[in-house]
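Naming follows writing order (A, B, C and D), and every chain is counted from residue 1.
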Amino acid sequence: MNLHEYQARTLFRAAGIPMPDGDVATTPSEAETIARRLGGTTVIKAQVHAGGRGKAGGVKLAGTPGEAGEAAEKILGMTIKGLVVQRVLVVPAAEIASEAYVGLIMDRATQRPVLMVSAAGGIDIEEVAARTPEKIARLGVDPRYGLLPHQALGLAFFLYRDVAQARAAARIMEQLYQVFTANGCSLAEINPLVTTPEGRVLALDAKLSVDDNELDRRPDLALLRDESAEEPSEVQARRANLTFIKLEGNVGCVVNGAGLAMATMDLVKYYGGEPANFLDIGGSSNPDKVVNALRIITSDRNVKAILFNIFGGITRTDDVANGIKTALAQFPVQVPIVVRLTGTNEAAAVSILQGIGMTALSDMDEAVQKVVAMVQEAA
Amino acid sequence: MNLHEYQARTLFRAAGIPMPDGDVATTPSEAETIARRLGGTTVIKAQVHAGGRGKAGGVKLAGTPGEAGEAAEKILGMTIKGLVVQRVLVVPAAEIASEAYVGLIMDRATQRPVLMVSAAGGIDIEEVAARTPEKIARLGVDPRYGLLPHQALGLAFFLYRDVAQARAAARIMEQLYQVFTANGCSLAEINPLVTTPEGRVLALDAKLSVDDNELDRRPDLALLRDESAEEPSEVQARRANLTFIKLEGNVGCVVNGAGLAMATMDLVKYYGGEPANFLDIGGSSNPDKVVNALRIITSDRNVKAILFNIFGGITRTDDVANGIKTALAQFPVQVPIVVRLTGTNEAAAVSILQGIGMTALSDMDEAVQKVVAMVQEAA
Amino acid sequence: MSIFGNRETRLVVQGITGRDGSFHTRQMLEYGTGVVAGVTPGKGGQRFADTVPVFNTVAEAVRETGANAAVIYVPPVGAAGAMFEAADAGLSLIVCITEGVPVMDMTRVLPYVRERGARLIGPNCPGLITPGECKVGIIPGNICAPGRVGLVSRSGTLTYEVVNQLTRSGIGQSTCVGIGGDPLNGTSFIDCLRAFQEDPSTDLIVMLGEIGGTDEQNAARFVREQVTKPVVGFIAGQTAPPGRRMGHAGAIISGSSGTAAEKIAAFEAAGIAVMKRPADVVELVRARLAGTTRMKR
Amino acid sequence: MSIFGNRETRLVVQGITGRDGSFHTRQMLEYGTGVVAGVTPGKGGQRFADTVPVFNTVAEAVRETGANAAVIYVPPVGAAGAMFEAADAGLSLIVCITEGVPVMDMTRVLPYVRERGARLIGPNCPGLITPGECKVGIIPGNICAPGRVGLVSRSGTLTYEVVNQLTRSGIGQSTCVGIGGDPLNGTSFIDCLRAFQEDPSTDLIVMLGEIGGTDEQNAARFVREQVTKPVVGFIAGQTAPPGRRMGHAGAIISGSSGTAAEKIAAFEAAGIAVMKRPADVVELVRARLAGTTRMKR
């Protein structure tokens, strides 16, 4: 789960990371009030889960409170990479002497957090990594010991020659590591970390991604989820305990298991179709999940046919069949449904489906070919 | 540094360890007020750094607030193992179904904290260890991982069969480990950990010793030092950055280095004398330290002669000689002084001492024999 | 022969009295797995299904029954604790089925398990099955058959799909291992490839990967350098969009890395026969098995 | 020959520009120790005493000078960090002079240092000297002389007292090591006994212990079982009262354990010649050296 900048700021500041004051606004007049309180020139920043806000016009400078309100007026409601801006962050404009990058990611290869720093800050770190990898220093942190002082200081000297600045940056790295581990993050980033003309070291941006698996035990973090920034069908799916991702195609897919779900989408594509979604109903086969899955998929106008691909292991295929039966009784499904199921309680499932006039296939390839053909006919 | 029970209680409760409410009093009327607030039967406990308070009459039960005041009246001012009671703790009397022991010590052999538990609580754990070692379960905690949940629960099942009680005890062990590590303790103990007739698990006592080396970086802990519970000469010495321990003999000793100081005391004893103190002036040889050392030693009426044993390495022996010279000019020293010094700047030191009519020996044995002989003559 | 689990496996089930634990323990017992003990704190002294003794702690279970392996079916919040406990008790094989274990927990579990020399499979995995000998986890026994193909996979039901294809075509398996879909897990493709390579009862290896990370690319390099047995591979997620977690915590394309195309290219460069569809597995395995007697290079 | 330090020692001084660090670095240089670098964050690029290059980090110092050992003179609050840094930089010998290091810090430093295979001496120790070759720490060079007696001690000035007695009597030393007076330290008596036993240039070992803990008792058992060279020992603190910290954090008698009497008895049971007074060292060493050619048992 990605946090908004203004949310990440709160966690950063609580950990002691020096950042300029500031606040979030949902209306131009709020933005104006905040800018008045801050005084001087302010920066108005769109709060959306998308990179490249600046290029998209989502970051503006304002010389006066009035200008801040005007800037907020322009940015609020703007669409950046498909996301509507609903909040802006108002912060004082800082004078900048240098810009650096400091980030922590959970590294799969070394199975530990990796701290990355670069004196080339303010720009996309992936770009720096691709073009000038020598400008990035990396350090794997042993989670049994945490980020040790000399490690942070060593990286800080990679950024700054001045010892006071290096010590300040090292301290910020230690604080960032605390934020990262204390909140179960997969990413924690400061870009840019700046020095001011007076020599202070400040974090001007805050980016955090929290491991979704943390949220069950961390209601405080779960509360930070901004569902207004998400695809409504995905929110609906999550509430129904389904893993759902909307795509642009027209073949709705209902599958049990993430790997099989991806393989099913791939096979749809292989046979010339386009999947409308990724949907994993998970291991336990509550008929309600199937009902919810059908409700979500059928609400997508693009969907021209629906494919069930169920390999019954823990999942009982009769539960899935019952789910389909219940759904069809509850609401009309206007598109054809192709069901492939095999495994646990297959015979019972087939007979349930026959009872409502449906047939079930047992072969995945056959089912995918069939559903793709249906969609192509419909077109 | 040992904390008083009431101080340890504060840290325990902050960590979430369930303990009965209660407060500390320095007068009988305060004790009465606390007892009234608590209601019911209370226990009045002397707050001194000494074991066996109960046997010494330092723990009393009071049925009413009035009785609590009376009990406090009796206990305050009482002397237990040479220490005057200046505070009492007033806590509600708990109904007890069982008593256990839970303690953490820093173990030198395994170089890690060791958690010890025993169902034989309420009595001295060393006694349990000596008589019925099988009643104690021990576990070394790997500081890189901390006390793991299964480790705590495993020990908790050694104490309780009931799973709810075991889980409660395990949680208390984890909290105790937090207190232990967060405060740099050498010892953290709950004795007894009790169960109530209703099945609750409560800590009825709290004992903490903090590593002296923590105090420099932990002013909050350093504030907990109760100098009124210490030998005044030792307080004076600590303020002068001297390591001093008062003993019962009559040969005052001023030595640089702890090992040599102990060896010097042993040699005094070997030649038939009795050391009056342990005193290490440390590595750096500020003349002021010598002046303070002499002031502290001469304030002990038992001292009949003073021995300096200085092996100059980092310590400059001329600094020591200057210190003696300054001290003698500042205040009268009524007892003879024998000086042994060798090493760094020895010649300069000898000439300084000769300037004030003193001689210096270079051999440790000779010096000790001489000072012991002087004391024996004086007797 | 087999890898990781066999007739000698003496299994303790952590969370045996829970909903998933009890269901799958019955299935494992039915399959003939050597389930010797269960653990649920507070239920020590009971028996599961009238036969399997239940203990309060894994240490007790090991002491009393000589268990040498554990399978974990406890909720995510307790899963790390269960893995620590199993490793601390000296078990050499630990299979964690639990889905949703916080990754931060795994950063501490993994070094702990390794320091003790244990093999951890998972978390968030279906476990392993050595057909005819033992099943540790949740892979349905009825779709497997004894044989000489080793299978390793990051997913659950996709594995079943492929195993089912093999079994129905008369191709049995030495061991099937699901290493799990999490970004940080105990056993990698390479660990399994090495074990299969060394296992005399395995003639060919099927490897089912997916998008996200570089485990498949590393495995491909390992295959090229150290595996002489034929390898057949598959990558799921060719149609997955970047930046989205495709169900598995580990199945996410970050920037331009971890794509299916990248992984398929790595497989092909390593001489791995790549399936275009799960159904291709039978034909590719047959073709490669026909040439088993000669070394790949 | 010698143990731990010799002519090949290439030393980096951590805290070289501090009060203690600069004083003792001068002394080490005068003695001829191979001081190749110093470290003080922010002073990188300077030179100490016009010769020794100063770096911001130990890693940099190692990279630029090939240092293989470190000596630490930083204040207590930074001492653990300095030990972590030295171990992380791959140094094989780390000597920490600093007194007052919190024991809780050492519980994490010690496993870190061991995982990296480094030898840590101290903290709160005088260091080591191999007379005529190198001195790492603060033992005065002028009281030592090259020879064949190995000395290991928990204290500083008591060591000087005894070494001085030996040197004045014409008995030189192979290496003198002060392991320090803290309860948790990097190198034990046993580590030193093993090294001296294996060191062909050491004929006899002097061991100076004190009250507190069981290190001396363990060392005595080790002597009985594995040391064939003669050993002469001393225990300071016979007159110390129980429960009081006698200067050293480790010198404290807890309950009835860690007393001088207990340790002396352990020494005697192991065939160690026990000095009653520091001055006895000369006579006992001479007597034992006279019998060196035969094995102790």
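Just so we're on the same page, contacts are C-beta pairs under 8 Å (C-beta built on N, C-alpha and C of every residue); 3 or more make two chains touch, one makes a residue touch a chain.
Everything numeric in this text was worked out from a predicted model, so none of it was measured.
Engineer: Show which chains lie in contact with chain B and also with chain D.
Structural biologist: A
Engineer: Please state, in steps, how far chain C lies from chain A along the shortest route of touching chains.
Structural biologist: Minimum step count, chain A to chain C: 1.
Engineer: With centres defined as the mean C-alpha position, give me the chain A-chain B separation in Å.
Structural biologist: Centres of chain A and chain B (C-alpha means) sit 55 Å apart.
Engineer: Using CA atom averages as chain centres, what separation in Å is found between chain C and chain D?
Structural biologist: 51
Engineer: Mind pulling the residue numbers of chain C that touch at least two other chains?
Structural biologist: Touching at least two other chains: 108.
Engineer: Which chain B residues touch at least two other chains?
Structural biologist: In chain B, residues 144-145 touch at least two other chains, as defined above.
Engineer: Linking chains that touch, what shape results: line, ring, star, complete or other?
Structural biologist: Per interface graph, the chains form some other shape.
Engineer: Once the touch criterion is applied, which pairs of chains come out as touching?
Structural biologist: Listed by label, chains in contact pair as A-B, A-C, A-D, B-C, B-D.
Engineer: Which chain D residues qualify as touching chain A in the complex?
Structural biologist: 41-44, 56-59, 78, 81-82, 84-85, 88, 108, 112
Engineer: Quick check on the complex: what are the chain B residues that touch chain D?
Structural biologist: Touch residues, chain B against chain D: 106, 108-109, 111-113, 126, 142-144, 181, 184-186, 211-214, 216-217, 243, 245, 247, 255-263, 265-270, 275, 278, 280, 283, 311-315, 342-344, 364-365.
Engineer: In the complex, go through chain B and note every residue touching chain C.
Structural biologist: Where chain B meets chain C, its residues are 145, 148-151, 153-154, 157, 163-164, 166-167.
Engineer: Can you name the residues of chain B that touch chain A in the complex?
Structural biologist: Listed in rising order, the residues are 144-145.
Engineer: Hey, which residues of chain D end up touching chain B in the complex?
Structural biologist: Residues in contact with chain B: 23, 76-77, 99-104, 106-108, 110-111, 126, 138-140, 143, 153-161, 164, 181, 183-184, 208, 210-211, 213-215, 218, 234, 236-241, 244-251, 255, 260, 276-279.
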